[in-house]
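Note that the chains take the letters A, B, C and D in the order they are written out, and that residue 1 is the start of every chain.
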Amino acid sequence: MESNVNIGVIGYGYWGPNLVRSFSEISGAKVRTVSDFNPKLLARVQARYPAIQVTTDCQDIFEDPKIDAVAIATPVSTHFDLALAALKAGKHVMVEKPMTVTSEQALRLIDEADRRNRVLLVDHTFVYTGAVRKMHELVSSGELGDILYYDSVRVNLGLFQHDINVLWDLAVHDLSIMSYILQSKPCAVSATGISHVPGGLENIAYLTLFFENNLIAHVHVNWLAPVKVRRTLIGGSQKMIVFDDLEPSEKIKVYDRGITINGDAESVYRMLVGYRTGDMWAPQLDMTEALRTEGLHFLRCIEHGERPITGGDAGLQVVKILEAATESMKKQGQLVELDTVEVAA
Amino acid sequence: MESNVNIGVIGYGYWGPNLVRSFSEISGAKVRTVSDFNPKLLARVQARYPAIQVTTDCQDIFEDPKIDAVAIATPVSTHFDLALAALKAGKHVMVEKPMTVTSEQALRLIDEADRRNRVLLVDHTFVYTGAVRKMHELVSSGELGDILYYDSVRVNLGLFQHDINVLWDLAVHDLSIMSYILQSKPCAVSATGISHVPGGLENIAYLTLFFENNLIAHVHVNWLAPVKVRRTLIGGSQKMIVFDDLEPSEKIKVYDRGITINGDAESVYRMLVGYRTGDMWAPQLDMTEALRTEGLHFLRCIEHGERPITGGDAGLQVVKILEAATESMKKQGQLVELDTVEVAA
Amino acid sequence: MESNVNIGVIGYGYWGPNLVRSFSEISGAKVRTVSDFNPKLLARVQARYPAIQVTTDCQDIFEDPKIDAVAIATPVSTHFDLALAALKAGKHVMVEKPMTVTSEQALRLIDEADRRNRVLLVDHTFVYTGAVRKMHELVSSGELGDILYYDSVRVNLGLFQHDINVLWDLAVHDLSIMSYILQSKPCAVSATGISHVPGGLENIAYLTLFFENNLIAHVHVNWLAPVKVRRTLIGGSQKMIVFDDLEPSEKIKVYDRGITINGDAESVYRMLVGYRTGDMWAPQLDMTEALRTEGLHFLRCIEHGERPITGGDAGLQVVKILEAATESMKKQGQLVELDTVEVAA
Amino acid sequence: MESNVNIGVIGYGYWGPNLVRSFSEISGAKVRTVSDFNPKLLARVQARYPAIQVTTDCQDIFEDPKIDAVAIATPVSTHFDLALAALKAGKHVMVEKPMTVTSEQALRLIDEADRRNRVLLVDHTFVYTGAVRKMHELVSSGELGDILYYDSVRVNLGLFQHDINVLWDLAVHDLSIMSYILQSKPCAVSATGISHVPGGLENIAYLTLFFENNLIAHVHVNWLAPVKVRRTLIGGSQKMIVFDDLEPSEKIKVYDRGITINGDAESVYRMLVGYRTGDMWAPQLDMTEALRTEGLHFLRCIEHGERPITGGDAGLQVVKILEAATESMKKQGQLVELDTVEVAA
């Protein structure tokens, strides 16, 4: 390709190095500048990528007319200001998850991107893995039947974050996966949790999502578990999925199991439940690194003016649920309804 | 022992055969009579144990002066009437879990047993396993430090019960274990769930228990899961336990892992969280069958007038939580407080 | 069926009780007599099965004209004499594995059964499991392609036998499975092993079997392993199987993996090896207890004069390999050829 | 440290990039030059490490007086010539495993290094992992008791090598671990194997090692397995180890299991075997990358004139066993004795 998309990356802490490495390996993209407050981190950039410019002032990125797109990998509380500035400077934006601290901020960014006709992609990385794309395919094709539940356990001895609770840190992954896979949206949530650090944020949380149809979802997150678990069950009326992200190769298993329900002619009060058990099947998955798939998708959206599959609307939906869940958690499980007014596509 | 304890077993469906077999193998106990409505089931008793009397009328058991104790393994809705009749007939009672349908019924049975000075044991079988007794020992000895959470996942493609929801069927196990292991009692619950059978009882449920101290518990049950999971995490401030009941031998693993929290002198707003990781240790467990240990305990309580470790008070606590959880589930997670007035010991 | 097959069981030690229980549950069979040297074991039979006759003298079984078939579950060294006496008394015979101590003995039994037109079934129990039958089906159908290797690890902290080494105790299972599944027979073996008990029999052994075509087999057995492993790999040119007998449900996994080999036109010295990786599939298995399937097969052979699928010839093949392997093991791996003269079918 | 050790790396194919990266991250070491025949691979070096010199002629490395040490990561057949040239040029040498193609070559390199007083380290990387160092500690301390067996399974769908068979590719890891952990040396081997590629090298092999004392070892390697297994059992008279290198954290498990053997006073022919089962314990392991530990060790040996723990003698022992095993494999398991004359330390 003749013309590269020039990218500025803001933030070189935990995730930024992955973005820089990944974009560096994609032909058609070129990381032009990296900014971070911390000069030590910038020294690492220079040692490893001598051709990349570094700066402690992200304004340099916004003001550089050669930069087409900005990737933002900073703490959540800064996402809104940085993304808005980038959009106002006419840049396409890829922003880490969670998209923003509030849904108002998310709506404002969506609006700004729309008005300026810029791509706004939220980095819901999991959506670009082979495993999640395979689950999307299985659900969309109808092979699972009606989806009855989504149930995820995501626990480990994890870094205690100081600015966000465990829902915003870990449940965000499941919410982004659900937003991609499930064809309906939750209408209310109930959440419970606890903080074991005096004055700290919740480090264990349990989130139930209610949907209008016969579907329920639950997410179970914990920073204080002795073992790492990453297991999601998706129950369908025809088949069921177990997604174990710690399995090195067989991450997705599809079980031909379930129940069949028949009305009982003799009694309106009794349902007959029958059980089906059959084969299990583990489809081979595309092992391309998710960040590569996502980076290529970002470039394609920029070049062809397409909407990203994890655009501002997906980011907004996740933030709305996290807001509602945090509110419910403060009230020890009290139901919090989600307005289901959609952003016009 | 010269004299046997003569036992009558009511109900020979799913669990009754285990009780009959187990008591038959204990010297000092003798199963004298088995009753069941279903003559076909009684024919099985006769084929296998020609020396045991059978009857379709459980009154025969209550009226037999040679019977010292009655074991009740019938549907939950019948527990109260049968146990009350047995106590009134002067028999010691072992009753399946959940003890009763309501906490009022449970209180009534406790009262009756106390007044008549009879043993009332609730068959919280798990409490008598080597694994749960080892966890009790680890918690009681203080080796885990302060208990921070109890978290259990108990799911499989299970029999859909027609008379009780999945909490009463599966969560009852965790509640009985908690009642034995944890030194404090929950003060409130929040539960959510769903029924996938039209007009049926909930087949998936999520239950959070709040305690007065820095402790939270969560129980996760599902009759419609493609795989069987039986995993409990107990987090302590010093060590943590993973209890996987499906492991053939290493059911209990103790992890020397956790966090250390230090106040930060420079800022009251920041806590310093440090991480500890160390060895893991899987203690050897007593592999005696739980029903045997429990049967021997029942006999000893009868002979020496001791209070069972799973007596009426434990049964009552479990029923109270199940009542409250079912109420919360109907209200989609709304908090339901548990009165903490204790039964006088 | 009007008329039962009356069975005499000789030996009520480790395996005999399973045979008695299993035949008792099969309609069409009736255990008439059990013999054992040990009166205590016979007392157990009487307590559990009052209708079964017991005797310390197995002659009573041979001389009872009402007994049609004899099942022999005694130490290996006694198999030959007992089976021969039973055949001479006109009984059909089911004998534990290994069939005999020597291949001469096995041939003699085959001959006796043939001349008297009696059924002689060797209790290669694994052959009657759903897992092994499924593997047989997959191999026979050609779905795996050409079979390239059979590789089994069968280790645990097991009972040290005093009369047979670990090959005769554990490898016998794999040899019986191979004899059923593989369409060719080994032509030579090399075995190594060690005894850790002074003057004792080998408690660890490694056995390689060579075949005429492009196939190799290896069996790895150990009575002194800290963990139990039961894993067999079967490599085919098209697909491969992993059989893990400790998995509760997914015992058989079929992998669409392998290599493709192409001649390289430019060089006779180079082969091009390509790799294929694809889906994995775990077929549902028939969970009928193997002993039940085997018992029904034994009855059918008796009634219809059919040859059992684990007849004397299969038993003989296994004994011949065990003899050769033991000889090779004494010579620290030296090749021992197997004559491939077949028993006339 | 004032003065860096300047390193030349020969070969930038599979392993060379790891050496370059690892030495680049060690203070006290400096990669000065990388050589490879392939200019494309050198371009990668330049892109990533602009300060490193590159050359297609390894003579440039030997002739550079500023280079102190040479790391050789080329095909096995070239190890001898390159290592000899490096030693003759006065360089310290770190050479990939297997050290050489023949034991004569290995002896010649040991001799050259000794005469010139240069460090000769063989890159037995596993020896520098936390897991293997822990096993060494457990064996050396006597905690396991007498070592009874070493048993390793190392199989996967692996790259078919064109210049070395599967023993030289995979068993080399186990032989290097054994050479470090076990206090005695094997005196003879028996090996079997097969090639599934016409005219190719063996892709499945089974190797038994005999020792003079009551110890046996077995290594089981396969390039054509559908699943990856990396499991080693080490049996001691007191305790036993399971080393599973695919476990993310609990790689080493120590089992308090075994047998106790007592002479039987009444019979010289009978030994009494008792079984012990006890706790399992998974010690925390040092997670430092092995190459870093090894690189630091190499520097220390250079600076202080110490002998490396994986020096030429360890490399020689491994090559001798591989030679003998390959010979035995050609003869279908025939015993090949190893001379046990030691290299003078």
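Keep this in mind: contacts are C-beta pairs under 8 Å (C-beta built on N, C-alpha and C of every residue); 3 or more make two chains touch, one makes a residue touch a chain.
Here the structure is a predicted model, which is why all the values come from computation and not from measurement.
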> Suppose you hop from chain B to any chain it touches, then on again the same way; how many hops at least until you reach chain D?
Replying inline: 1
>> Measuring between Cα centroids, what's the chain most distant from chain D?
In response: B
>> Between chain A and chain D, what distance separates the C-alpha centroids? Give it in angstrom.
In response: 43
> Can you give the whole-Å distance between the Cα centres of chain A and chain B?
Replying inline: 39
> Using the touch rule from the top of the page, what residues of chain A touch 2 or more other chains?
Replying inline: 277
> Which chain B residues qualify as touching chain D in the complex?
Replying inline: 250, 256, 277-284
> Hey, which residues of chain B end up touching chain A in the complex?
Replying inline: 148-149, 151, 153, 155, 157, 160, 162, 188, 190, 192-194, 196-200, 204, 206, 208, 210, 214-216, 218, 220, 222, 224-227, 233, 235, 240-242, 253, 255, 257-259, 261, 268-271, 273, 275, 277, 328, 331-335
